[in-house]
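Pasting the structures in now, so scroll down.
There are two complexes below, and they share chain A, which is joined by chain B in the first and by chain C in the second.
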Partner chain A sequence: MTELVYSNSLMAAEGERAIQKLMDLVNSDEEFILAVEGAIATKNDGLFNIIGRWQGEPLTALKAAKMLGEKAMHIIAVGACATHGGFSAAKPNPSGSVGLQTILPDKKVIKLPGCPTHPDWFLGTLASLLMYGEIELDRRDRPLLFYSTTIHDRCPRRTYFNQGIFAKKLGEKTCLFKLGCRGPVTRTDCPTRQWDGYVNWPIGADTPCIGCAQFGFPDQMSPFISFDTTEES
Partner chain B sequence: MQNNRIQMIQFEINYTTNEVNNYMRMLYQVGDIYNKNILLNHLWEKVNYLGYLNQLMTTYIPQSQLPQKPSPTVPNITVPNKTFTKEELAKVTGKNGNPAYIAVNGVVYDVTNNAAWAAATHFGLSAGNDLTQEFKSCHPSGQRILDQLSVVGRLVL
Partner chain C sequence: MEKIIVNPVTRISGFMEIEVHVENNVVVDAQTKGLLLRGFEQMLVGRSPFDAVYFTQRICGICSTAHAMASSLALEDALHIQVSEQGKYLRDILHGCEFLQNHIRHFYQYTVPDYVKLPTVHPLDNEHDDYRLPEKINKRISDNYFKSLKVSRLAHEMLSVLGGKAPHNHGIFVGGIAAAATTDKIIKMKSLLQEILVFINEQMLPDAYSIAEYYPDYFKMGNSFGNLLSFGVFNHYKELGTLYVDPLVFTVNKDGKGGIIKPFNQKNLTENIDYSWYKGAKNEYTPTEITTTPDMSNPKAYSWVKAPRYNNLPYEVGPLARLWLTGEYRNGLSAMDRTLARAIEAKKIAEILTILLDSLLPNIFVQEKYEAPQHAEGSGLIDTTRGALGHWLKIENKVISFYQIITPSAWDFSTRDTNYRGTAEEAVIGTKIRDMKQPVELGRILRSFDPCMSCATHVYSPGHETTTIRIL
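Right, the complex of A and B next:
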């Protein structure tokens, strides 16, 4: 049903032979889905991010993403860096890193923010594209299947928030709002999906959500933790 | 027509309630955490749906038949007489036990316990500042957001 043409960590081929697969794909009429991890560096013609060599020359992510993005049937940006720059674009952003959409402004880029993206979010999106040819997105091109509710909406500690019972340090089993929890501004299904084989998640481990799946992470989600915080209500 | 709609909604409510009961019984049965999480998610969806149906219902029932709610109190939009200078505002940063205040369009608001202002910060912005420009650029028609905050005074220049 699917053929994995190129994946730098899963494929057997190395070096130019690996890049050859990409070039063959671009020069064929095959339909393909492009999933990109990592930001695109734009300074110095993209030389801050080289994904391989082709005919002796470095192949930059910038060049590869433009080349493949133009021809792909669907484009998926996987993770914070690919969706909006993420850590690579954090201040002062010396490499001029941007998300995939910035260099493919006219293309529909499905965005799966998260640092990291949950495996289900990616495989679920891919499966939906393969089965139905599409997936329902929100206004910021995130699949509604995974990103439709805020963490705060479905947080098991919500009653503590409503009652104003807040943790003062890590490890307390109440609402982590005063420590800087970004659950109220982050849309994912973490409270019911959970991580690491579906066993736990940050709030379940008594540490605040750091908003890794919100646009603008990490700069706009900092500070990740605060102790000198607001008055008691 | 009206009655038909109401009947349909009632049917949906019964149906959804049965589903909710069923999911809850299943929750007792499943052992593994994965299926538990999925069921929990389904339950959330169903409960949300019930809330939606409930709202839909009220739009079809004539006003006179609805239980009388106390007339909504007019939101208190009178601004307290307290004034803040920029310097005074800069002290209420939400740090070290202080409340967290921000100013928008000359009005000072309390965001101490606002969910989107955890640790007195919001998308890289901090409390204790006049955020009129920032607010305008991110929430251009955001009066509704401001109406939900409690007003503490005015900013004087």
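Right, the complex of A and C next:
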């Protein structure tokens, strides 16, 4: 069903032979899906971010993403750096990093925020595109299948929140809101899906959600852990 | 003289370029061009000290647990927090899970395609013709390439049982880890570990030895200076003693014959920027002394990677360095020895985790409510999957005012200094390139170090060669 043509970390080929595979695809009439991990560095015409060499010249991520994005049948931004800059764009954003949409303003970019993105969010999106040709998105282009509901709405510790029983330290079994939990603003299915073989998730490990799948992460989600907010006022 | 440039060097974490000069098919000079625009250090200034643990993990999705360890240790040093033995066990178990996931993945997904003919499907198709394994063995390892994916995932599942998720776990923190271990979680981790250990013993180790048997020339290739360094890991337990390696350095004697092992002393640690695109108050400094700023005006410079040095010498770090320092593996210091050491170490780590899991007591709560100090300094030095990792931080007015990170791949992929090349650069010198059109030797040697150039971007400036930069 799928053919993974180019993946820097998995592919056996290296050097220009690797880039050749990318170019062969661009120059063919074949349909393809572009999935991008990582932010696009914009400083110096993108020369801060080069993914390889082609015909002796550096190929920038900026150039490659534009070139492939123009021809791709579907475009998926995978992870916080690709959806909105993420950590690569954290203050003071030394590389001028932006998300994929910024450099492809007229294209539909499906966004899978998360640091990291859950493998199911990516594979589920890819499978939906391959099998049904589409996936239902919210206003910010996130698949509703995974991103429709806040963590807070489905949190197993919601009862503690409702009763005002708050943890003062990491490791406690009550509501982590006053330690800085971003569950109320973060839309993912972490509470029900869980991670890594579906065994656990951050709140299950007795730590607050840090909003890694919310736009604006990390700067708008920090500080991640605040011991101060548990002070009696 | 001919020049070979390989970019991208695939099957590593991140991006890297290697440029070598070749005379009569033998490498006579080399430059590894890697990142090190330490943007992460800049980003950390002004943030809450407690955010350092989850923040620095994002340097890389491969070694996130390693950065959680080093940042937690640095914070504990700064806040004068003593970690309980149970807290230490719990944290080290999570750290060990990352070793297992990384080693299995690096061996099968990154190393094996160099030596084993995999099915000719994207993205595993390759054009070189130096595949030497008999069909039956080739098939066994090729099959294990796919089976290993499930096994390395089990290591992350094990990490997640107490860490919440992986990569970028939420467990490791100041004081140990957040959650208390409960009996059900301990037995779940033991069960996962058993499955991983069986795979390492019955598949990974035989596969590594098979590759070594059919590529014996790689026992003579990829040797570097021979200086080895470790910050220590799985060590200094009150009751268990040292289960792996203490902070040690092995330095080759000046005449090149033999060498001596001594305890590591942080005072001898410096970084050098003579050949890197930085400027600073000085070109050589201790980790807490200064931070540098990017500057491409130095005509000698060719990389964003700095040059960490110990007593002004380059050192190799990683699994082979550790096993050599403890005396458990001393066959040699070649590319193939590095690959074997990684497989042998995977077994060693699984055995250490067995001991630590057996030493856990259930329901021990190790967390406290912490307060950021007005002023403090701390360092966190620990060996991680790829070798010695150091974090140094300073706190002023309750926020981070200074952060310095020296990664294992900075040791192995450093630039040269006035007297010496970087460790990986030296390792390719003298390599005979069989076919200039397919220089497979270079990738095999570089990958034997398990380079982690993640979060890497390349930088290009008029008048300079393309380079790889790693944004930390």
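Note that the second predicted complex is superposed on the first by the 229 of 233 C-alpha atoms of A that agree within 3 Å, B and C clash if a C-alpha of one lies under 4 Å from a C-alpha of the other, contacts with A are read in each partner's own complex, and residues count from 1 in each chain.
FYI, a residue touches a chain if its C-beta (ideal position, glycine included) is under 8 Å from a C-beta of that chain, and two chains touch if they have at least 3 such contacts.
Every value quoted in this text rests on a predicted model; they were computed, and no experiment measured them.
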Partner chain(s) touched by A:Gly164 [first = chain B, second = chain C, both, neither]: first
Which of chain B and chain C A:Ser222 touches, first, second, both or neither: both
Touch count on chain A, higher of chain B and chain C: C
Touching partner for A:Ala41 - first (chain B), second (chain C), both, neither: second
Partner chain in contact with A:Cys181 - chain B first, chain C second, else both or neither: first
Touching partner for A:Val199 - first (chain B), second (chain C), both, neither: both
Partner chain in contact with A:Arg154 - chain B first, chain C second, else both or neither: first
First (chain B), second (chain C), both or neither touched by A:Asp189: first
Touching both chain C and chain B, counted on chain A across the two superposed complexes: 197, 199, 222-223, 225-226, 230
Contacting residues of chain C [partner chain A, same complex]: 5-13, 15, 17, 37, 39, 42-43, 46-48, 50-51, 54-55, 58, 61, 109-110, 113, 118, 121-127, 153-154, 156-157, 159-171, 173, 178-180, 188, 365-371, 443, 455, 457-461, 466, 469, 471
Footprint of chain C on chain A - complex, ascending: 3-15, 17-19, 21, 38, 41, 44, 47-53, 58, 61, 86-88, 90-92, 94-95, 115-116, 168-172, 195-197, 199-207, 210, 212, 218, 222-227, 230
Residues on chain B engaged by chain A in the complex (per definition of touch): 33-34, 37-38, 40-41, 44, 94-100, 112-113, 115-116, 118-124
Sites on chain A touched by chain B in the complex: 149, 152, 154, 161, 164, 177-185, 189, 192-194, 197-199, 208, 216, 219-223, 225-226, 228-233
